[in-house]
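Note that the chains are named A, B, C and D in the order they appear, and that numbering of residues resets to 1 at the start of each chain.
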Amino acid sequence: MTQLPGLLDIEAIRKDFPLLDRVVHDGKKIVYLDNAATSQKPRQVLDALNEYYERHNANVHRGVHVLAEEATALYEGSRDKVAAFINAPSRDEVIFTKNASESLNLVANMLGWADEPYRVDHETEIAITEMEHHSNIVPWQLLSQRTGAKLKWFGLTDDGRLDLSNIEEVITEKTKIVSFTLVSNIMGTVNPVDAIVRRAQEVGALVLIDASQAAPHMPLDVQALGADFVAFTGHKMCGPTGIGVLWGRQELLEDLPPFLGGGEMIETVSMHSSTYAPAPHKFEAGTPPIAQAVGLGAAVDYLTSIGMDKIAAHEHAITEYAVGRLLEVPDLRIIGPTTAEDRGAAISFTLGDIHPHDVGQVLDEQGIAVRVGHHCARPVCLRYGIPATTRASFYLYSSPAEVDALIDGLEHVRNFFG
Amino acid sequence: MKLDSMYQELILDHYKHPHGRGLRDGDAEVHHVNPTCGDEITLRVKYDGETLTDVSYEGQGCSISQASASVLNELLVGKELAEAQKIQAVFLELMQSKGKVEPDEEMEEVLEDAIAFAGVSKYPARVKCALLSWMAWKDATAQVLGGAERKTA
Amino acid sequence: MTQLPGLLDIEAIRKDFPLLDRVVHDGKKIVYLDNAATSQKPRQVLDALNEYYERHNANVHRGVHVLAEEATALYEGSRDKVAAFINAPSRDEVIFTKNASESLNLVANMLGWADEPYRVDHETEIAITEMEHHSNIVPWQLLSQRTGAKLKWFGLTDDGRLDLSNIEEVITEKTKIVSFTLVSNIMGTVNPVDAIVRRAQEVGALVLIDASQAAPHMPLDVQALGADFVAFTGHKMCGPTGIGVLWGRQELLEDLPPFLGGGEMIETVSMHSSTYAPAPHKFEAGTPPIAQAVGLGAAVDYLTSIGMDKIAAHEHAITEYAVGRLLEVPDLRIIGPTTAEDRGAAISFTLGDIHPHDVGQVLDEQGIAVRVGHHCARPVCLRYGIPATTRASFYLYSSPAEVDALIDGLEHVRNFFG
Amino acid sequence: MKLDSMYQELILDHYKHPHGRGLRDGDAEVHHVNPTCGDEITLRVKYDGETLTDVSYEGQGCSISQASASVLNELLVGKELAEAQKIQAVFLELMQSKGKVEPDEEMEEVLEDAIAFAGVSKYPARVKCALLSWMAWKDATAQVLGGAERKTA
């Protein structure tokens, strides 16, 4: 087996993930390289879910009975864990949502309904980038349509990086919010946070960072980032589906208006008017994803026990190896950075004229799960003049042997359509 | 190998040598997108009375969607409208069968080359690829019949 | 053991629910009477969740690999199950949300952003009732504040029913939307759908029914209801937390604008503009609660296998028994209907001057879990001049013995504070 | 019985015979709500220089929140501001201890009757009940000190 410096003890880790033993297509063990779409779940997380439902399940916050107290302690305990995981100054800055998309929409809607100085309206501008996930594009298009605000964006360089050369035109005195991804889900690019945050602060714009592809893979420190909001999603970081996070600076969460109305988010309600609970509850209407928050808490414990820096190092080694081997494949073109520097573990590529759908299908037949298409980042495909890509993406349990399997699989694809 | 049931020789042939590709004069034009994968097709139909005299198209997509458009062109052009609609309906039935319809002789007679897509029906994610051009054709034809939104180039 | 006509085979059913074996406070088996807040989960649902995560977990819709196909089939299969469960004319009318609160907010936001003839603006009116859950009040207060629309409501009679005597003033030619609960979560009242729907249709208003307390407990037929939208929540009907449903009439879902923007809900995206996928996907931005939908599908299977009519009969019997026994308790006042007719299995009451918090605490000590407070329906408490209530609520696994335990518990409460 | 640790005789006494209940003249008034249960209190403070001369209140809530307001009145009225603030801080510490602080003699000396609430700190849902009036008092006092939003009746 290929040994690379910095690898985790993959064999031990893989034992935690029941799905990785899955056998598909008449006896082929799954090679799961679709981690940018969603991660697999360790037994520790599934145990936490079962334990919650079998022993503690109750609705939170409003009960004096023992189950309600336990459920509340578990749910709020997960908030503490997430706050520690991202180094949030206060647990009250951690809002649970259903996914990163809701987190991003939540900010867009807060700003649309806000009073000055936050209000986005027809005299103001919004800045994003051309490499955003659709979930960080469409909310801003909707906000722009509904308020008249102008939507601007950073373009991309030929090697898959943000083109910041016109930063002073993209982020101006009129800009109210700059929203961008920390790591591209399609190209793996890690973006230069500092330069963007500095410019945003210069003009007094708020900064929202989409950390959906960062939180699972590297240490995340919201204070060091210097952003005002950070969004990410549970299912990509060993957690359950149905849970996302929005972190926001306390004073902003106090000032900004609520989004969804309902139970749990109120202080007092009469038919004539209502007042709202303090953050984070103000932004958590209805019964929250209780079990999912508990599961995310267990995921955070799991990742922390391994160490986010070690996970980052592991993925860096795998990515470096994968990039090197992919570049040896004839007719293969990587869309995005072609070295492992400042890049995450998602690698997109085209293979000659063979359509990614066909690439993915033939890989699947060999038990290799990759994603094909525009990966919810169609503007990137448009930018590089391609209809779609094939994307292999790695995680803490990915092994060099799986990279080798991918390379062999691509050889097979080329033969099949050759 | 199971894959061969999807990628029939005939499908790969059509993919590599598509029939009637390119946009020509038409009575109606539609643009269809498969949102789950981004495959796109622009398709025009031309009728002379009841006869479908041309289906021209342009687009990007996988072998299945490309081959399917080529087969559609080969199979439908020259047919009377009613006949073409019947073929479309049978193709739709086959593709939505989840691999459970065993094509019989009657079906083979109607679908000719298109019968090669039977294997694709076992792959839910690819059924839409195979249907993309056929849905576009149906839509364009409806426009001609309804007289609505006629576009010619 | 007390035997009542119409009871289910409780012993067999209780074996399906691991939590019901829970022992609290030094050896007391839990008596779980907080079902209106959330239900317990049968093993069948937990098994479906585990099976999903251990064997099929992948992101849905965009993959050609086998896991993605399986996950998509399971997720969309749950949509079929839910559609059948509520007798929806089309599966495409079933939208998965995170909870009922999101479903209700979704409708409010659709109407706020809609074009004519649906648009809610300052010239129009919204009608709700005084017995709504906060989740069906606050979204309309927000919409009313943000659009200038006038918010009206039906009051309550002394015996806990809707006062429809002024229906022509509450629902007028200006009314765009009438939203009301099918079953009150605080009083158990079952509301007269026909009369309200008829009047709404007369004036061309849309009707949204909050079925959160109905879907778990009785056969639900959206076509028979005659409403335009129906909302409910998974966790109260044996399903996981983190999943809700909005059913809407197809033509409305086609016409109305999207709410949250992001991945999955688009047809095509460019930096300049986007088009949206057809319903239901148009309203499901981001990675949906996949496992939770699968769990809800399993819950629906479970409930259906027992039979919703049988569940309704069981609860009716228990409720009748409970109302009778409660009325024997000195100083106890039921808030809401005092017979079992047209009422669900949630029973609120006050006990002399003893504050519900204290009632709940002393019951908890005996292992009896009830809810105390305003139950997210504070206007009802205001209406009846009480600060809060104690609420016992039953489900398919509730037994007459548990009712007896409650009555004994209340005796103990009276002694304690006597 | 565990319950007795919460419902100390002393708490039930204060609940049944509250001290200083009712609204009287004050330098500032606040209205606090416990959103998790709907308990409410309206509370006024009156100062004469540094001396807290009255805490008057009205509200609805459970035995714990009612008894706590009564104890507060008994304990704080007549004290110097600094002394009252110290008592409040110690009470807060006790209540947030999750039952893990064993009250020592020093604490007992400071808190007097309020020490009876030690058992409540084991019940997270009830801690807020016990704290409602104390938070309201703190807030009202801050208003007086800040001179902001002074209300008198």
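Some observations on this one:
Assume a residue touches a chain if its C-beta (ideal position, glycine included) is under 8 Å from a C-beta of that chain, and two chains touch if they have at least 3 such contacts.
Keep in mind that this is a model prediction, so the values were computed, not measured.
When the interfaces A-B and A-D are ranked by how many C-beta pairs touch across them, A-B comes first.
Mean C-alpha positions place chain A and chain C at a centre distance of 31 Å.
Distance between chain centres (mean CA atoms), chain A to chain B: 38 Å.
Inter-chain spacing, taken between the CA centroids of chain A and chain D, is 45 Å. The geometric centre of chain B is 77 Å away from that of chain D, both derived from CA atoms.
Counting partner chains per residue, chain A has residues 25, 62-64, 68, 266, 268, 357, 361, 372-373, 378 touching two or more of them.
Counting partners per residue, chain D has 36-38, 40, 123, 126 as the residues that reach two or more other chains.
Chain contacts in this assembly follow no simple pattern; the graph is neither a line, a ring, a star nor complete.
A list of each chain pair in contact follows: A-B, A-C, A-D, B-C, C-D. Only residues 61-64, 68-69, 72-73, 266-268, 277, 281 of chain C touch chain B when the two sit together in their complex. Considering their complex, residues 1-3, 6-7, 12, 36-40, 60-64, 66, 123, 126, 129 of chain B touch chain A. Note for the complex: chain B touches chain C at residues 33, 35-38, 123-126.
Listed in rising order, the residues of chain C touching chain D in the complex are 25-26, 355-358, 361-362, 365, 372-374, 378, 381, 387-388, 416-417. Taken together, the chain C residues at the contact with chain A in this complex read 18-19, 22, 24-25, 30, 32, 34, 37-38, 40-41, 46, 49-50, 53-55, 57-59, 62-68, 98-102, 104-105, 108, 113, 130, 133-139, 141-142, 146, 151, 153, 233, 235, 240-244, 258, 260-266, 268-271, 273-274, 285-292, 357, 360-361, 363-364, 368-373, 375-376, 378-379, 382.
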